[in-house]
């Protein structure tokens, strides 16, 4: 079986494994205060061209979203996100567990529209009863989105402009940041993106690491005692070095981006093959997640040799998700294309 | 520098590293539903001699405590623990973040007394205002404790007896379970311990793994939809296989216990050397954590070559903690003994 | 100025004032355990024809919603409500403060559709990722709704049928229960309604009292230690007698329903006058809240003598709310009609 | 039966009843924005000699504590209070429900010691692991305390001095503020007390009102959007006028203090009678709560005609609480004295 089920269906990049072996016998202090984390933070800052940015390493995406959002909001505030945003749908209410409402905006293939954001905020402050409502306290978007799409630089500028106008921090969930930045047609670099938001993260779990997300406070200082908030959320790894070693490796010589680019290339090959054979794509994704409408017979046939997810029915077809990753080999894609 | 700073100051056991390498290229489903986790669960159940127990793998100790406690309590209930219990002191309020009060009992070198527990409960239900108070909903203890001590089998039976009488689940924080069960003079086995509580965990982070805690519901079924509660707490690892591979390795042929036994043996050598040289121990610990009173001159001298923690002053001496682990070599201990 | 601003713009019914005076010097125990509360509970049960129902008196609507919902849900569950439901819009995130998500369904003039509820639940349990989502734990509706509408008996039966099928308690927010049950065309009685849900409340604040809501667990026992949950939510009145005296008075000889009927009659007069004069109603409300589209000139003219709320623009008109209450005199309505 | 059970066992002061009647027919806006609340706020400010203070009216004590504390703390912070503090014992975990830990200091007859507070803070910041602990975010004391005692001006200055040094707001629970300020030997006035803390409240429920607590931000501005936080906590009364009318009456011509003084005088008569007859007082209370040790025979005898609470056994005696209030008549006390 060849798996296109997800981008976390494998181990880690071999360079990380090698590095874990090499460093295994070293003794370090805990909780991310070790030399590996220090070095990794420097490399993250360098990649962002932000030598002063506060950087923290957390373990997973839901955890990171819940921790950052809780740290940024006051009790009476909620977070604005599109309906399909991960925090609104697939995190089992982790944001609400922290006491905050997710204020949902329309989703456009996973993306937020700056104009709709502005209208929402205008309507909120224009409402006679707004003091009886949940105040907007920040904006959350994903890059790449859950639907595989990305924002253009102009779109991000527009959203961040609205955020600035209303004094709302912008937080970018970057669980798939590598695949987003390396996407076909992406017109924005990491240093540019870092300057178009207040905090974001570079996802490791889905892009080469065993686990780990690197949170970067790029447009603001970290909230007071963020370390303690991380601990309170159960997100502080005792052996923080596990995260340090991994990000130090991924950020070395652009490895993170190289392997993400590889995944995107394989996804583009797959997409082109689908299209060439007349399959209808559910969305136009330039990243490592491809959504295609398949009929039952095709699904049954492909499932004999391939693993992929059936998301939801669209008419009498099924919207199926095929995901590539840094670990997807060209041969894997060849095999799937041959089977189509 | 030789480090006795903590039992999470190293990488992982070489067998785990090897296993991670061997399995790295396999493709698995996520979230702990993979074959490695399935196999590891079976081995944990076998070690507990409980073929039906529900077993879950989480990432770290604070997270595990917060998740299990939140899953077991109703909103109006709190958790009983000794004052020095980890959840009451060193978890940044993670239990309160989940809405629950920690109800503190006296600590006896880190241990709870069954008689005091019973008295507390009698007093609670005898109070005219108990309906205005936080109801006790469960009991939390640690094994081994934060002070290096362990419960005897009789002590655990007494505590569990009180819990049963009052209908309170007993939860044992086993972040250092290996070192506890392998402690000098421990009169209880893992299967016995599993039958003297409702839920406990086998700590991996401090005992051979890079991260990971294996939660075992031994005296009760897992709470409904515990998987979702784990996710809500940000404690569900996408690449759950990382935990599965590690516990599958640790539970193979008793590796977990062998390496814990090694750590305890080194700690005993250290303790004996302290005592033989006339140093006063702060507590009588049969586990891998040793607490000894040192004067400033000795501390200054030792700190040139050794890393250890100064916990708190006792008179004009300092209570210092020296921790061994599975990774502590006999040579490390030899060197420290020579320096005393 | 004559106020149609809200149904809480006055004091209380004179019978309540009189009763407060008569009972003022009596000494009672606190927290709702007094004889006034005991008597009031009996009268509530009698009105529901449910001699065994658990009844509690709380202070206000948002508080009651938050307390009941928190008491019924487990941590991983959310509450289903329509988008326009009070808990989803106008309670400042009180539900999320308690850790729970409001799962929003479409609103039909404030009402939930049983078919859409069933479809939502089918879709939830049919989703491959439902264990990563917030579980539905109960259903919340309002009677009368925030838009002035009411459910027919058949509609309620259909909703409750879906709830029963999925094991979800149904909770009816009855802040305006009196006006709902006395609405024009209402085909359901209080005893019938009590049997078509699991818990509901009779709102006092908006229907004759100074404050107070009577929560009735009609289809289930009260959750364990609900008294303590009420206290934890800050909703337990020390001088519970204030609530007891009021509900004992309101439930005496059907006063609650008589005065609600009066308010509805005045609202119907107002509605008929609007319609007769060619104004367009925003919704077809048979209760004490009337929504009518007015142009700016009319608003300016009416505002000289009348208080009412401008809710939101509809095209170039404004949707204005006129609310009657038990305290609205026929002369007040005459004056407004004359001014139209 | 004559009741000394509590200071909330009656209705309200007759002046309030009269005022409620007089104002009953007036129409006002809701949520505390009405003219009665505006006037009452002015009178509270005047009584504090603080014309700029932010003043809010909430309904009850637990609710007020939970709301103010939640509004002042950040997520990683807890509140310092003595062990016997109401928030730590008798509020069913309302503070923890909001996500915050109560950090308990020793109680000295209900009072906090400034020196111990300082030591606690020094120890906290001196702890090597303080970033893994709950940060102190504010200090909570009660005036008068739950044990009937009061702080001297010097004691309050000392506590506030420590708070200022550490940047911690000081919050005084004034559920029994009237009885505290009018206590025998009290050397502090309301304006002085207002300047020795950041926020406090004047309790109405226990001192003349049917319900209501007046929160005064005397040493700081109200937290941003406190109105919304109040709503979120279910503490915003729709008919806020009920609170406005009551406080407007209580603050008129010093009524609040006059009736509190009356209660204290009756308590002093009672205390003197106990002492003169050789009964042993449990504590030396100068306020309206008296604690006396009684044997079983005496309790049985007194319970035939009087209501009072048995708090807890002290040796073979019972610590009994007798509470006077503004409504306690001299004849009530005469009767009890005669029965002793």
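Lettered A, B, C and D in written order, each chain numbered from 1.
The criterion applied here is as follows: a contact is a pair of C-beta atoms (placed from the backbone, for glycine too) under 8 Å apart; a residue touches a chain by one contact, two chains touch by 3 or more.
Not measured: the values here are computed from a predicted model.
K.L.:
Could you name all chains that are in contact with chain A and with chain B at the same time?
P.N.:
Expected: C, D.
K.L.:
Centre to centre, using CA atoms, which chain is the farthest one from chain B?
P.N.:
Farthest from chain B by mean C-alpha position: C.
K.L.:
By the contact definition above, name the pair with the higher C-beta contact count: B-C or C-D.
P.N.:
Most contacts of the two pairs: C-D.
K.L.:
Go ahead and note the Å separation of the Cα centroids belonging to chain B and chain D.
P.N.:
42
K.L.:
CA centre of chain B versus CA centre of chain C: separation in Å?
P.N.:
Computed value for the inter-centroid distance: 50 Å.
K.L.:
Can you work out the whole-Å distance between the CA centroids of chain C and chain D?
P.N.:
That pair's centroid distance is 33 Å.
K.L.:
Two or more other chains touching the same residue: where does that happen in chain A?
P.N.:
As it turns out, chain A has residues touching two or more other chains at 75-76, 91-93, 97-99, 131-133, 228-229, 231-232.
K.L.:
Which residues of chain D touch chain A in the complex?
P.N.:
So the residues of chain D touching chain A come out as 70-71, 74-76, 98-99, 131-133, 135, 224-225, 227-229, 231-232.
K.L.:
Chain A touches which residues of chain C in the complex?
P.N.:
75-76, 78, 89-93, 96-97, 99-102, 104, 127-129, 131-134, 309-312
K.L.:
Could you list, by residue number, the parts of chain D that touch chain C in their complex?
P.N.:
For chain D paired with chain C, touching residues are 1-3, 5-6, 8-12, 14, 17, 20-21, 23-30, 59-64, 66-67, 91-94, 97-98, 205-206, 210-211, 228-229, 231-239, 241-242, 307, 327.
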